[in-house]
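Note that subunit A is present in both complexes that follow, paired respectively with subunit B and with subunit C.
Right, the complex of A and B next:
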């Protein structure tokens, strides 16, 4: 049961962190939650399709299909989180003036759908392989339920925690979370790409398993949040740092793009007169 | 936080889930450790029993195999049955003298006292080895690890699963309880929402929770301020109109005298025409002031209601007689249909209503046009839902449907100050009609006249049955 709990909790926590953070951002960006059900539905459908066709996917790309698809999904989520940070910083700099509602809807929906595809398919595969095939259903379901429950509880606290902040601070904190989560995903993607021999593999740069073991509860939680790896290879560290820098750059561009609007007072006056 | 109910339900459930699941998890881990100890203890007890066996039962060079004969076959004991203990007894020289069916022919673990995890027969086993201090025999007992784990987990999950299943029930209860707790807010909102527009009295709710008291107090403060400013506004309009009556009457007398003098002197035709225009203007101003006074008097919160039975058909006939001169002047064709129909209402106000709808129709119907008034009773006699319908249709330009609501606003006139028909008016006529309709709990509807092509006003009042009055 404990292993089921840890695996489900890790996957649920990854998804819930992203969903709750984006929901808080959504309300700070002045968007309603109408986009959420279609995005969740698309994500769950995608997860099911991915899980059911995993055998074919695994066979593709000379047997590295699963690693490559996983890496692509993770990198896509990372890029979408970059876009989120860009939008959030525009709103942070000039609330209500520089909104891009259509793009925001697209970014938020796509991020949640992609996160659901990734985490949903992993949970499905785990429950299927250990529960249905190995016949340990009660234990897997109980562990899964506890993991899901704890994940959703944390998500609720995070969501309402962010909502208690002012809209601007909510966006700032969401962006910092997205920054870290995105970097973690980038590092995980690096590992998948290394497994597929698409990026250089090296000896681990360090081994911190004595400090926090990957298989411990804290290790799994850290992996969910920042993509913690006890003994990372150089590529992972480079991609983690690269994603952090890219995300910071996206935030900077977001702020700078609104500065350009501010330089044109006519544009702002037009918007303000509409309020 | 868009919904207090959702916020409270979600956060409370999240707290319950977090606390109960984490404690379940801790309980599970502790119980699993405890179960391990129990199983180890079971092995120890088994070895103790082995030590009591008579060593003479076995002789060197021959290992006796003990068959499993006493096991029940019930399916509910299937797992327990598999939890059989494999055991071996070795003589002081290390030769196997006794073993269970499950135990291998070779020793399960080295001759070292204590618990050890080893693999044989394709499984991982927990083995206890002990040396009998008197006879120096080696006694070994073993259990399959996977079965120990499975049995322990099954027992512990029996305790954990109800906690998991109780969460949806707790969520449902919390949802309803929070909803119940928030009910005073809904009651307060309903109380404020269901009030008549004119009712600005204090909100008074029984058993209001102390958390809502500040809100109720602020609402009541606001209502008091509103009431006093409404009162000031109404008094000002009524007082101003009343005060304007005297100078207007004086003006009317003076313009009458001026016209007489100008007629006598007959010097300037233009001056006579201007005086006539001035007279018209003063009349219009006088009419406006009168209408403002009527509007204030018929405002639902101002009017001292005195309802008496009124025959609407008779009332219409009287009003038509009084206003017939205006209709004749404009060469309009007037028709009245219907029969006696009694309602309970205020005679003066209802007269004002009929005067206003009739003069309104006459004003906007071009010369030579037609006006049709109809009074009819709808519904069975003595039935509670019997109604009296007063309808007035004209062949005027009518009102576009988009403006049906707005024409009841005070001082609102279609196309601004001067109607496209060229007729001037105060813009208060239909506002007065609406006041009187509301005062009587009646309905008013505007539509396009099918017969005459102009406006059709339908006023539906509750019928008053003279028979039921006597009951």
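Right, the complex of A and C next:
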């Protein structure tokens, strides 16, 4: 049961962090939650399709289909979080007057769906192979329920924590979270590519496992938040830093793009009439 | 390209770009030649156990690990120390590249059967 708990908690943690953070952003951006059910449905469907076609995916790309698909999904989520940060910073700089609702809906829904595809497929596979095939459904369900429970409690805590802040501060905190989560995902993508021998590899740069073991609870939590790796290779560090800089640039562009509007609210009229 | 017309920063950038392309090509060649001599090691999964459960590999060298899953159920080859995770569907095989690594012991386990499916890579 404990192994089911840890497996489910690990997978749920990352998805829950992203979903709750984006929900908080969504209300700060003035969007209603009507977009959520379709996004969740798309995510679940995607996860199921991914899990069911895992055999074909594994065989694709000379046996490295899993690594390539995982890396692509991770980098896609990183880019979507970057887009979120761009939108959040526009709202931060010029609240309520420079919203891009259609783009915001698209970015938020796609991020949540992709995060669910990634984590959901692994949970499905585990439940299927050890619940259905090996027939140990009781412990899988019990462990899974507790793991999901802990994950969602943490998510609720994050959501309401962010919601107690003012809309602008909520967006700022969400953006900082998205910044590090995205960079962590980029670093994880580097690892998958190294596993498939598609990027240069080297001996690990350092080993901090004595400080924080990856298998510890804190290690798992840090992995979900910043993509913590006790013994990273240089490629990971480069991809982490690259994602961080790209996202910061997107945030800068977001602020820059609305500077005139926020400096002179009257400009919104000319801005709109130009469109 | 006359230096008087073009700002020197631009020339520098172009040169840097070219250099990067060249290094990229060189890295590619190195990777390809290394792949030709990458040693291959094999592991089997039977009844949710790894055979052999201890695998010796050379230090400072990239290694190709072929994992054969002889069980009907999928297994996830996972190692925190090696930083690797890969699902291997029942009755198929999967390839994972590991290293280069410093000498030492690197435990791995089957994530779906972590209590029984355990092993380690010994780098020397």
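Here is the rule we use: the second predicted complex is superposed on the first by the 261 of 275 C-alpha atoms of A that agree within 3 Å, B and C clash if a C-alpha of one lies under 4 Å from a C-alpha of the other, contacts with A are read in each partner's own complex, and residues count from 1 in each chain.
By definition in this document, contacts are C-beta pairs under 8 Å (C-beta built on N, C-alpha and C of every residue); 3 or more make two chains touch, one makes a residue touch a chain.
Just so it is clear, the structure is predicted and the values come from calculations on it, not from any experiment.
Counted by residues of subunit A touched, the larger count belongs to C, out of subunit B and subunit C.
In the superposed model, A:160 lies in contact with subunit B only, and not with subunit C. Using the contact criterion defined above for the overlaid structures, shared-chain residue A:174 touches neither subunit B nor subunit C, since it reaches no partner. Once chain A of one complex is fitted onto chain A of the other, the partner contacts of A:200 are limited to subunit C, with no touch recorded for subunit B.
Legend: residue contacts after superposition of the two complexes on their common chain; A:213 is shown touching subunit C, with no touch to subunit B.
Legend: residue contacts after superposition of the two complexes on their common chain; A:67 is shown touching subunit C, with no touch to subunit B.
Using the contact criterion defined above for the overlaid structures, shared-chain residue A:54 touches subunit C, although it does not reach subunit B.
Shared contact residues of subunit A, touching subunit B in one structure and subunit C in the other, are absent. Within the complex formed with subunit C, the residues of subunit A that make contact are 3, 7, 54-55, 58-59, 63-64, 66-67, 122, 125-126, 129-130, 133-134, 191, 194-197, 200-204, 209, 213-215, 229-233. Across the interface of their complex, subunit A is touched by residues 1-2, 7, 10-11, 13-15, 17-18, 21-22, 24-25, 28-29, 153-154, 157, 160-161, 164, 167 of subunit B.
Interface of subunit A with subunit B (complex): residues 1-2, 5, 27, 138-139, 142, 145-146, 149-150, 152-154, 156-157, 160, 163-164. Taken together, the subunit C residues at the contact with subunit A in this complex read 27, 31, 35, 38, 60, 62, 64, 72-74, 80-81, 83-84, 86-90, 92-102, 111-115.
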